[in-house]
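In the two complexes below, subunit A is the common chain; its partner is subunit B in one and subunit C in the other.
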Partner chain A sequence: MNEELQIVPAVLEEYGAVTRKALREYLTPKAPRRYLYDLINDYPSRGGRMLRPSLCLATARAYGAPLAYAIHAAVALELIHNAFLVHDDVEDESLERRGRPTLPAMHGVALSVNVGDALAVTALRALLDSRGVLGHRLAGRVVEETERMMRESIEGQAMDLGWRQDNLTGLDERDYLDMVFRKTCWYTTIYPSRVGALVGGRDSETLDGFVRYGFFLGAAFQIQDDLLNLLGDHDAYGKELSGDLWEGKRTLMVIELLRASEGEERQRVAAILARPRSARSRQDVAWLRRCMDEHGCIEYARSVAHAMAGAAIHEASKIYGGLAPSRDKEFLEALPRWVLARA
Partner chain B sequence: MNEELQIVPAVLEEYGAVTRKALREYLTPKAPRRYLYDLINDYPSRGGRMLRPSLCLATARAYGAPLAYAIHAAVALELIHNAFLVHDDVEDESLERRGRPTLPAMHGVALSVNVGDALAVTALRALLDSRGVLGHRLAGRVVEETERMMRESIEGQAMDLGWRQDNLTGLDERDYLDMVFRKTCWYTTIYPSRVGALVGGRDSETLDGFVRYGFFLGAAFQIQDDLLNLLGDHDAYGKELSGDLWEGKRTLMVIELLRASEGEERQRVAAILARPRSARSRQDVAWLRRCMDEHGCIEYARSVAHAMAGAAIHEASKIYGGLAPSRDKEFLEALPRWVLARA
Partner chain C sequence: MTERIQRPRPQRTRPDRNPAEMLRAGSPGGRGNADPVSRSVGLGYQIVEQYLEQGRAFAAGAATGAPLPGANMMADLTSRMIRTTADLFEVWFQMMDVSGSARAMQNERNGTAPYAAAAAPQAAGAAPYAGGVSAAAPSPASAAPTGTGVPSVASTAVAVQVTSSRPATVLVDLRPVAAGAGLVAHALRNTDERIPRITDVAIAPSVDGGPVTVRIALAAELPPGVYNGMVIDEATSLPVGTISVRLEGEAASPA
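And now, the complex of A and B:
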């Protein structure tokens, strides 16, 4: 990795540790352990990059707020992220998460749905606790941001799930970006930035600027994530490779494959995608993967990801240009390039 | 029904209509409709008694608060109730709800889990909107009560699900009441009463009194509900009859059956309960039902429900005794007897 991007893993490590420490307080096991609190601790204890809480903390600091102003939101965001992961794994019938069997694969759908609910409610508790440092009014504003972020994520998730369930085959890049804007960008980039600026005392005009910036950065992040799902190193990625193909997800590569293929080939692509997960074979998945190479779907998605990251760099220079130099500012400015460089 | 209990359906109708009207604002269909907002509207549009929001509104009024102080909490509670119903139906693999197929039976597990999440987040929005009438501090206190209520419900749900999943056969009445205290009482009776008193300006000592009262009232309600599941009229009840037996739920009657039966009979009861839902036959369910009659399990549960309702009447006289006479007070005082009289 490029030397100037080294700031990113360094800051992720530092703020990740800060968040993990604060998180522990909300994940103390208590009764009923066996059916709830032991399970709640599972995903958060599997590690993860802590990108989202770190972005929130770094933005707050870059705008002059102490860490204490943003730590509850950072913890809540990480809890909500884990709540989403658990429900996603139920909804997608996924088998692996961060290198181990998913919660529903180990404990069944019923307990897992309930564990996801518990993680989300614990996030609300963390946000309520922020009233002590932020006061009632500002803490309420952060809860308001959280409500918006969760709503956007759920809307995007509905699109993603519904497209698969109905086996839509006529989607285009705009549909994809609209879905990713809601499903990924709001909670990965827009919310952490907005809340960081909010507790740093910025007005709603400044906050609105993060919607554009966060869209470009988040879309680059999601496309890169989908590419890693196809191309990555299994041990580093921690999920089953090509898992998205097994699950029939409408990634940008799948949408491009449906657009670029014709006749019998297109029919076969659509037929494979229409099957339930359990009826897709290893051969089906390998064949889809080869077709993507033949039609240049990977290269196409890579070029969109680069365009998005370029736009994010441009927006970042406008947003952060006026801020005093700091380690946090450096981190924020390096993020768009890091998103593409990560393996 | 006894004439003095007629106040209950009358008040339920009035406050139910008030809640439904306010609820409509939060359920306006928008995009994505097909995979999310049309589905969100499904359960709330199926009717229901509106017991919980009515209890909240009546308590607020009895303590001198205008309806406007409690309406957002009433709406939020009804939304959370529906969120629980959707996730319950996924977790229990239930087939019928309020006389029609369940959401997962119609639209699959994936979209249904997401719809439940959306209903809970919409509840948060309603609570945030209460800041306009209650101010930031008091609205925050209501959110705090909501967080507690949801946490208790999720803990109770974990017990209920886990007991079935592990096919526990040595549970007793105390285990059952502990589970129901969390799973049913908090959101059905304790929360509505506490929030009503809270927006009516009462202190936390008064609020604590509702934990006891709400436990007795809620336990009577749940046992009666479980009895109706076995004995009720299908059309009035709106769920499959004996659905709890199909699902292997640890109701008080099942716990008593396991306690009272011996030898081969007990082994057969445990073996039937251990099977997955799909492996239980109509004969199995009918046989369990007969054994319950033979061992007096129905009568036993009925007597516990009566004892609980009696205790609730006693607590109610202590709590509401000092309040000025009002229609709301009459309603609150009639509730424990109505809970047992309803069909």
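And now, the complex of A and C:
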């Protein structure tokens, strides 16, 4: 990895450790352990990069705030992220998460849905606890931002699930970017940077710029993630390779394949995507993957990911350019390049 | 016999007059002429700007209507009062501009930008709570926030140093004419006359083109609330800006 990007894993490790420590306060095992609290602890204990809480903490720090100002929002975000992951795994019938079987694969759908609900409720507790540090007014603003972020994410998830359920095949780039804006960007990049600036600047910052920066950064992140799903190293990626094809997800590569293919080939692509996961064969997935190579879908998606990262760099210079030099500012400015460099 | 050279068949034979369709992938006639990079970035900006515009429209509607569900009435009232105070200052300063201080008229003749806060209230300098010790805040060089559609105006760079044991937000608005002038600050006062004023406010002038430095010390016994004061040009005794402090947390009991 490029030397100037080394700051990203270093900050992720540092702020990840801070968040995990604070997270443990909210995940103390108690009864009923077997059916709830042990399961709640499962996903958070599996690791992860801690990108979201680190982005929140670094933004607040870049504005001169102590970590204590943003730690509750960072913890809440990580809990909400894990809640989304559990529900995602149920909805997608996924088999593997962070290198191990998913919760629904191990404990069934019913208990898993309940665990997801419990994680989301625990996030609310963390947000309420922030009142002691931020005061009622600012803590209330953070809760408003959180409600908005969750609503956006849920709307994006509905689009993604609905497209697959109805086997939509006429989607285009705009549809994809709109869905990613809501489903991924809001909770991965927009919310963490907005809330970091909100608490760091004591509600004196104009937050529109963070929507732009967060959108482009989040879109680059999602497209790169989808590429890694097809091309990545299984051990590093932690999920089943080509899992998105097994699940029929409308990634940018799938949308481009549907656009570029014609006649019988397009009919076959649509027919495979229409099947439930259990009815898709290994040959089907391999054939889809080959078609993507033939039509240049991978290269095309890579170009779009780079374009999104470039726009994120531009937006970062606009919102962070006036801040005093700091390690946190360097981290924020390096993120768009790191998103593309990660394996 | 030689093969006849033929012009390639055109992708379309009529002009495409729908700009929206030109940007949509999969539309008749392909994705337009843009490459993936410019097309996707263009689409990205369209989506974000459309979204922000919806948010702005919603906020404009909400601001004129009843309080939002769950909003704290006192907080809302306080916020409206602060806004009213700020608006009054703004109008007053604009009147001063019209009635004509010599410097303001000279600036007008020279084409200097008008009063900064009229275009971008609350923007010249904003310092978050510095954790109980004196610390310099970032000093924005321009008063106009980006992406608001408001024309950018020149303004004075400001560094703010706050000494406080409790969270506080400091907003400093300075007119462009404040640059290079000797400045003094009035004590900052709450709208409640019984509340003590913040008297420990000092302004150091810009040195070698650096920022104007505003130093404020907040006594631990001050009750939470908003405190406002004016910044005066020593030479003309005319107001050239405002300082607002929003103090949070509980006041310490007097020893």
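Definition applied: the second predicted complex is superposed on the first by the 339 of 343 C-alpha atoms of A that agree within 3 Å, B and C clash if a C-alpha of one lies under 4 Å from a C-alpha of the other, contacts with A are read in each partner's own complex, and residues count from 1 in each chain.
Simple rule for what comes next: a residue touches a chain if its C-beta (ideal position, glycine included) is under 8 Å from a C-beta of that chain, and two chains touch if they have at least 3 such contacts.
What you see is a predicted model, and the numbers here were worked out from it, not measured in a lab.
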*Can A:Ala220 be said to touch subunit B (first), subunit C (second), both, or neither?*
neither
Q: Identify the partner contact of A:Leu245: answer first if only subunit B is touched, second if only subunit C is, both if each is, neither if none is.
A: neither
Q. Now for A:Ala65: first (subunit B), second (subunit C), both, or neither, which partner does it touch?
A. second
Next item on the list: Pick one for A:Val11: touches subunit B only (first), subunit C only (second), both, or neither.
Entry: neither
First (subunit B), second (subunit C), both or neither touched by A:Ile313:
neither
Practice problem: Check whether A:Asp172 is in contact with subunit B, with subunit C, with both or with neither, and answer first, second, both or neither. | Solution: second
Query = Given the touch rule stated above, what does A:Leu77 touch, subunit B (first), subunit C (second), both, or neither?
reply = neither
**Prompt:** When the two structures are overlaid on chain A, which partner does A:Tyr300 contact: first (subunit B), second (subunit C), both, or neither?
**Reply:** second
Please indicate which partner A:Thr206 is in contact with in the superposed arrangement: first for subunit B, second for subunit C, both, or neither. second
Going through subunit A, the residues touched by subunit B and also by subunit C turn out to be 136-137, 140
In the complex, subunit A touches subunit C at residues 63-66, 134-138, 140, 170-174, 177-178, 181, 200-206, 208-209, 211-212, 215-216, 219, 255, 258-259, 300, 303-304, 306-308, 310-311, 318-319, 322-324
Residue positions on subunit B within touch of subunit A in the complex are 32, 34-36, 87, 90-92, 108-111, 113-114, 116-118, 120-122, 124-125, 128, 131, 136-137, 139-140, 143-144, 146-147, 150-151, 154-155, 157-159, 161-162, 165
Residue set of subunit C touching subunit A in the complex reads 23-27, 31, 35-41, 43-48, 51-52, 72, 75, 122, 126-131, 135-138, 140-142, 145-148, 167-169, 171, 246, 248-249
